[in-house]
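In what follows, subunit A forms one complex with subunit B and a second complex with subunit C.
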Partner chain A sequence: MSMPPNKQPFDLGKAAYLGLNLLLLAFLLAPIAIVLVFALNPTPYISFPPVGVTLHWFDKFFETADFMRSLWLSLWIAACVLVLSVVIGGACALALARGNLPGRAFLTAFFMSPLMLPAILTGLALFQSYLLSGIGRPLWGLIMAHTLIAVPYVLRTTLAVLHNFDRRIEEAASVLGASPARVFFEVTLPLIQPGVFAGGVFAFIVSFDQFPVSLFLVVPKGETLPVVLFNYMKFDLDGAIAAASMVSILLALAVVLALERLIGLKAYVKL
Partner chain B sequence: MPAVVSRRPSPIAWLIAPALLLFILFFVLPFAVMVAMSFFSSNPIGNPHAVVTTRHYQRFIEDNAGIFHDALWETLRIGLVTTVASLLIGYPLAHWMARMQSRLGHALALMAVITPLLTGIVVRTFAWMTILQDKGVINTTLISWGLIHKPLPLMYNEFGTVVALVHIYVPFMVLTLIGVIGRIDERFEQAARSLGAGRLRAFAEVTLPLSLPGILAGSLLVFALSISAYVTPSLMGGTNVLTLPMLIAQQVGTSFNPGFAGALGVILLAVSLVIVVAYNRILTRLSGEQGLA
Partner chain C sequence: MTSATIKLDCVTKTFDGKVVAVDAVTLDIRAGEFFSLLGPSGCGKTTSLRMIAGFEMPDSGRVHVGGQDITDVPVHRRDMGMVFQSYALFPHRTVAENVAFGLRMRDVPRPEIAKRVAAALAQVALTGLEERRPGQLSGGQQQRVALARALVIEPRVLLCDEPLGALDRKLRQQMQFELKELQQRLGVTLVFVTHDQEEALAMSDRIAVMNKGRVEQVGAPTEIYERPRTRFVADFIGEINLLDDGPCPGALRPEKIRLVPVADARLEGTVETANFLGGATLYRVAAGGRTYLARETHSGERSPRAAGDAVGLAWNDTDVVPLES
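This part shows the complex of A and B:
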């Protein structure tokens, strides 16, 4: 090992600290990377080390009717959830930040609480309510359930942006004679747009990957992709699952890059 | 128009209505229904003979089959071990990232933490199955190196469950801790060091105590999330692990006993609520206003 180029002597403590943290990062990323290996490995079952490269599993994934139906269903649900949660969550964030509402702190905690309460209980509670009211398990019921879980994410990103921007910009506009509606559409809305979009991106992925809330609410032949994968994995562990997983991982990567561009990932390092 | 901050709700406050409606219809009411169902012998609308009863709770307390108390205990134990392990892994990472000078390094490390967070739970559990199963990455590698002769039991037990859960929840710990550690003035540590404290002592006596609220908040969050996990224990634990969420799913799926499922749900909910309230208290004190996870 050569000495580091700077003038300080080699610091064993610092090197160990860096090494440890790189190792921990590897712990976080290696499982994700390993999925790609199995998606490309031609053996009929998961086995290691890989013996070759094939796109057979991607073919199987894209040619299996069950996978495709659930993939499209999940994408369709996620798109609906994105629109609904952006409208509902964005409006809610504005009301909380600008509405002079009494009990704001309590209301914020209330709207964030689906994130903290066990998601499987949210699914169970909705399942029982749908059962009791006799509406069965309609698709819109599943979409509303996902929206409920997604709204807190939109709320969080929008509130973060609302807290950060200077209220005097809005006041300046209204002093200069803009009507409240004009202030809203020409000043407030453009300023919070990145936060709302980031929340929408989050909402999409939360819905697409949602499992515990969906578990009790899906009907046979109407399962979402995570539920189909889960049921498949209980009996079969082959490369088709790995290929399906790559779809989810690539989507997550796209979302991370989108978030970084929209409002910067730093916004999530907030209490 | 005068720019006086009025105390009365402004018209903008009405924008809260859709969210309020959604949360009342699809959150508050359903949970009330779940609690109510746990006190009925069967579906009170479908069955006119349904009576109010506490027998679902009695069934849990008496535990004649000897599995319910074990399941509760196993749930809490897995939650606790997962939390401690997540803290041990998450703290060094958060400390490193909070003190990192390079902006690019910080952004890359953040991406590395957030990408797994945004990958589905089913997918991440699948990844761990390929690593830990008998013919998985670790066992085949160790066997081919001649270090072991038969596969180690890394999966279908509590160990495998905890490993996968830690991987899933470490990002939550890291994100909570970065915020707290980042707000601790680095000059405190520098002052301690210039007064002669070693690096470890300065950390143990200055930074660590100041980050305690973050440690507590992150731990409560990870605990609350891991006791409600369903996918990971059922795939990684196989038939050797039975947690409360798995028991609930069984009651709905195979036994079709929504009343008892409701009672189990209320028990899990009670545990979670205690944790959530404590978590919100800490965050409120930390940030001066209602915290966001």
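This part shows the complex of A and C:
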């Protein structure tokens, strides 16, 4: 004889929890939805409710030389920052986690400090030091500045992976005949790689979205996309801004998805 | 497979300049021997093993393998096999790649690697799991992969750091048999670190019992069990009655005490508890102002004694093992 299934009583707590989560999701996604609405709205100024659907603003965005030049520049800078911060942040994390460094806690806090400081302060400080030391505002200076801000992200994700790292795995490799260099390339690097690249994704996005630091360090005709958008907004507030924002969001998403497909971040880091 | 002797020559290791982990330990391990380092946690057994492997450098003293002083040889040139308690498999590689690792490091040609990996996996009954990843295997299977990975390079010495500690009891017993059988078949010198005295007694040719960084006694399992030299060894291995009321302290195993009618007894007492162990019963008997442990093996029916019963205790003086004070 089979038992009748137990009836689940209506659970108020569970329903409330679900409701709260939906509310939070809506809160997170609503601004993006609004940007999309404005990007598709044909009126020459930002208004609500929308009166139709057009791709005009996307056309305008892609046909404006200023936008395109700065978009490519931003992508190029973000790519450089990704590579640099992955190398520097990864190496830093290894040294901090593994090296027998004096004042390790202080050093960690020091490398993390760009996260604590308001970016506008970092930007101003860099601007003044660049000028005082006669460097001026070259592109590499901007890339270095972005890298400075991005390294803590890589550092943090890599340290997290290293924290849970079973060092016996490296010992097993060395007892099997792997020299220290081979242990690093055959075991350590592949195992910390997901953490490093997860940080790299943040680094890319931090650089691509970077505004306060860039504001101080760009030169005319060498502005990054956020700076160009800001300047544009000072005079025009039309759908091109919304279209640009949509493109930025989609590009960032594409990078995250590409890296996820490439190395499977999901298994290691909750994005 | 060739095997090698291992010699620790007055080896000392201190951590952070004060904690003495291993204190002037000298050990002679014979070629082809199953040798256990047994002791409680913190007794220096793992540190001793790690000095043989080369992960730790002794502060003083030398390590010899096969008659050669290898104290200054780096880990990756020592040609040893090692099995860790956590298995330490490479999670990003398949079973076959894990086992092939040591051969790849030795630049063995590919076809030979494939052949030897297949043979090693067959040896531990894992044929067919070559393409799995460690995460997809059970604890016992991971253990076997770790063993195959260590043995495929045909090491002269196999070091095992509590390799069965993470397995459940039943599986552990089975792996004990398998490991012992494999070691005998290959004739490799095996150094086995454990805190589990039953495991050490069951598997070893010889055991070194360690305490506080020193070796208390080295001997065959029967010797260690029957003739413990110090109070620590007697107490650590199995249950024991320590008789230190006389002029010289002695130890008496619970199974050497007979429960007899009060009239024939050396001591009269009362049963405090009777723990049924399956094949035997362990009694705690209050007698002469202290508690004695007595183990009675069941041949036929289980003894009817229960808590509160009056019993007599008897033993032979020759069964009392004198202990060094």
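Definition applied: the second predicted complex is superposed on the first by the 227 of 271 C-alpha atoms of A that agree within 3 Å, B and C clash if a C-alpha of one lies under 4 Å from a C-alpha of the other, contacts with A are read in each partner's own complex, and residues count from 1 in each chain.
Rule of thumb we're sticking to: contacts are C-beta pairs under 8 Å (C-beta built on N, C-alpha and C of every residue); 3 or more make two chains touch, one makes a residue touch a chain.
Small disclaimer: the values here were computed from a predicted structure and weren't measured.
Legend: residue contacts after superposition of the two complexes on their common chain; A:F211 is shown touching subunit B, with no touch to subunit C.
When the two complexes are overlaid on their common chain A, residue A:L40 makes contact with neither subunit B nor subunit C. Touched residues of subunit A, counted separately for subunit B and subunit C, are more numerous for B.
Looking at the shared chain after the overlay, A:P190 reaches subunit C, while subunit B stays out of its contact range. Once the two complexes are laid over each other on the shared chain, residue contacts for A:R182 go to subunit C alone; subunit B is not touched. By the touch criterion defined above, A:A198 reaches neither subunit B nor subunit C. When the two complexes are overlaid on their common chain A, residue A:A105 makes contact with subunit B while staying clear of subunit C.
With both structures placed on the common chain, the touch criterion links A:A173 to subunit C but leaves subunit B unconnected. Note: residues 171, 174-175, 180 of subunit A belong to the subunit B contact set and to the subunit C contact set alike, using the contact criterion stated above. Across the complex, subunit A is touched by residues 53-55, 75-82, 84, 86, 88-92, 101-102, 105-106, 146, 149-150, 153, 159 of subunit C. Residue ranges on subunit A touching subunit B, taken from their complex, read 13, 17-18, 20-21, 24-25, 27-29, 31-32, 34-35, 38, 45-49, 87-89, 91-92, 94-96, 98-102, 104-122, 124-129, 131-132, 134, 144-145, 147-148, 151, 156, 159-160, 171, 174-175, 180, 205, 208-209, 211-212, 215-216, 226, 229-230, 233-234, 237, 241-242, 244-245, 248-249, 252-253, 255-256, 259-260, 265-266, 268-271.
Across the complex, subunit C is touched by residues 166, 168-169, 171-180, 182-183, 186-187, 190-191 of subunit A. Put simply, subunit B touches subunit A in their complex at residues 1, 3, 5-16, 18-19, 22-23, 25-27, 29-31, 33-34, 37, 43-45, 89, 92-93, 96, 107, 109-116, 118-131, 133, 135-137, 140-141, 144, 167, 170-171, 175-176, 178-180, 182, 199, 217, 221, 224, 227-228, 230-231, 235, 245, 248-249, 252, 258, 261-262, 265, 268-269, 272-273, 275-276, 279-280, 283-284, 286-287, 289-293.
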